[in-house]
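Take a look at these structures.
Look for subunit A in each of the two complexes below; its partner is subunit B in the first and subunit C in the second.
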Partner chain A sequence: MQFKIVEIDAGLCRVELSGRLDAAGAEMLDAPLSAHFAAMRRAVVIDLSDVPFVGSLGIRVLISATRLLKRHGQQVALYGANAMVLDVLHTVSLDQLIPIAADEASARALVGA
Partner chain B sequence: MADETERTMVRRAMPDIAADPDSLLHLLVIEAPGEAPRRMPIGRAPIRVGRIPGNDIVLPSFEISRAHCLIALEGEDAIVTDLDSTNGCVLDGARIVAPAVLRPGARLRLGPYSITHLHGPRAELERGTEMERDLAKAGRYVQALLPPAITEGPVRVDWRFLPSAGIGGDGFGYRALPDGRFMVYLLDVSGHGAGAALLAASVMNALRQGGPAGCDAGDPAAVLAGLNAGFQMDSHGGLYFSLWYGVYDPATRRLHFAAAGHHPAYLGIVPLWTRNPAIGLAESDWRFAAAEAAVPPAARLVLFSDGAFEVRAPDGRQLGLADFLPYLSASPVAGLAEPAEPARLLAVAQAAARPGAMEDDVAILVLDFP
Partner chain C sequence: MKRSKAKQSRSGGPLRLVIAGGAEAVVAAEQRLITFLNDEGLPEGAAARAALLLEEVVLNALRHGAAPNVEVEAQIGADGISLVFEDSGVAFDPLAGEVAAPETGAEQPGGRGLLLIRRFSTAARYTRSPDGRNRLELRLTPG
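Take a look at the complex of A and B:
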């Protein structure tokens, strides 16, 4: 599990996740991503197009990381999830907590960037 | 729960090996459906596996021959030899035709059982044994909270529960409320292990004692909101759980229900589902949606955990809910000597999965409304 943060402009970042967000992936991602998000003062769009699987612990990481952003008034949206991942996100109704878009342009629109 | 006499038996004799913690140990981990894994070191004497008493490892299934196979050390290698068994020994997916080396991590499938070979420092492997014992205890505690089947009255309930080796964090319960209504729920904590079992037990105890403080146990949306406020992920070790909660009123034959991050329950073949985040994920003041359904005479409600359908088929394919649904039957068949419905569905789930222990807990509840 890896992630890359790309600064798009003064108000927006793209976070590209790659790898399986299963128990092992979630553990690898949790601390470093939270550290970045706690210090982030920009809106964030998260690219899931290179994530083949999201398990229950992966969902937890997405929620706790985005809570850190929202605490500082920053908007966040997810995009690019494949059909199987999207199905998992909908079952736990994650879209009620974090907006989910089909592509980057729509995700940017959702965070107002 | 299997009768004690039907359980896998492992001879207690210890091998004659040095007690030096750094010495290398060959260990067999024996997994049987519905039982915690058992471990047996391989010593100088060969280990005979078979169906009948007198074997060193007794696997009481008709798929196992009386003397099925032999596992013995030859030099540094553990070797498995098939003793002309009827159904054979499948080593890492292929039936063996001659004595074969069990590499460290190799998995031997014998009927519904699996035996994994571990090789490593004695101290490390023994630590694993202790942790598995603790995990088995956590699992037994959850099982002790499960209510008995109900065979009479306006709601009849039967269930089967097959905990996975790693303890998947499933729990369920049901009871009559003081006003004559009947509540039922099924929950699944995220992740595996003792932490998941502890949270499952906490929630089950809370629901057994009337539900979250200040909530009407007969109001599914209020119960979900109360649990969500009380079990926030951030203050419960990062764990959260999915929940299906329903309340049936025999006077009106109506069922109020709410699902939180959980797949539907099925009334006959009709999915009963509401869109809510799993408990603990949303902010503590989240408002949960509920819905209701009419319960026709002789209706049947089936609740099950995702362990029943999120399995890998023998060909490695990942199965999902859609693969399990065709097996749900619309209503009980009167007068037929059928196996109990939960047992039938559990057998379906096990047949769909690769042989050996299931990867996740499987809980199946069937409620009949005569």
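Take a look at the complex of A and C:
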């Protein structure tokens, strides 16, 4: 599980996740992603297009990390999930906590960037 | 179900795994399950759903049920994929009761996992044996 942060402009970053967000991937991602998000002062769109699998631990990591962003008033949205991942995210009603968009342009619109 | 018959005669019996330890061990078991199902000719989506069920059930048993290990048996029949989980941890029926909403359950272990178990299995049965073992039988569609 890896991630890359791309600064798009002064107010917006794209976080590109890649790899399986299974139990091991979630443990690997948790601390570094949270550390970045705690210090982030930009809105964030998270690209899931290179994430073939998400389990409940992975969802927990997404929720706890994005909570750090929201604490500082930053908006966040997810996009690019494949059909199976999208089914998982909707099953646990993640969209009630983090907006989910089909593509990057829609995600940017959701975070107001 | 011509395909699964042919595959069964080729590869034979079920996949049996005993899983103990942490996330790495659970993910290694998921990979073996995916390989098994792929070898049987099942599509990627079905294998991914089966891996998801394995991850949720086994992590629950190991982390919250204090099970020393979880035995998993996977096989393919005419009506889909069958997954059977057995462990000697704390009695726990993942099919019983209401599951908390995501916000209230955010820090609560298991809540989201239970939703996923119910969503991705087409049939499910839980029994607790007299000798103190949890047995969870799940089915999911092969497509």
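Here, the second predicted complex is superposed on the first by the 113 of 113 C-alpha atoms of A that agree within 3 Å, B and C clash if a C-alpha of one lies under 4 Å from a C-alpha of the other, contacts with A are read in each partner's own complex, and residues count from 1 in each chain.
The rule we apply is simple: a contact is a pair of C-beta atoms (placed from the backbone, for glycine too) under 8 Å apart; a residue touches a chain by one contact, two chains touch by 3 or more.
All values derive from a computational prediction rather than experimental measurement.
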item: Overlay on subunit A: subunit C relative to subunit B, clash or fit; value: clash
item: Which superposed partner A:22 touches (first subunit B, second subunit C, both, neither); value: second
item: Partner chain in contact with A:105 - subunit B first, subunit C second, else both or neither; value: neither
item: Touched partner set for A:6, first subunit B, second subunit C, both or neither; value: neither
item: Chain touching more of subunit A, residue-wise (subunit B, subunit C); value: C
item: Partner chain in contact with A:38 - subunit B first, subunit C second, else both or neither; value: neither
item: Which of subunit B and subunit C A:93 touches, first, second, both or neither; value: both
item: A:83 touches, of subunit B and subunit C: first, second, both or neither?; value: second
item: Shared subunit A contacts, counted only where both subunit B and subunit C touch the same residue; value: 23, 56-57, 59-60, 63-64, 87, 91-94, 96-97
item: Complex interface listing, subunit B residues touching subunit A; value: 190-192, 233-234, 238-240, 242, 260-263, 275-278, 281-282, 320
item: Residue numbers on subunit A that touch subunit C, as the complex places them; value: 20, 22-27, 52-53, 55-57, 59-60, 63-64, 83-84, 87-88, 91-94, 96-97
item: Residues of subunit C defined as touching subunit A within the complex; value: 23-24, 26-27, 30, 45, 48-49, 51-52, 55-56, 59, 101-103, 106, 112-113, 115-116, 119-120
item: Subunit A - residues contacting subunit B, complex; value: 23, 56-57, 59-60, 63-64, 67, 87, 91-94, 96-97
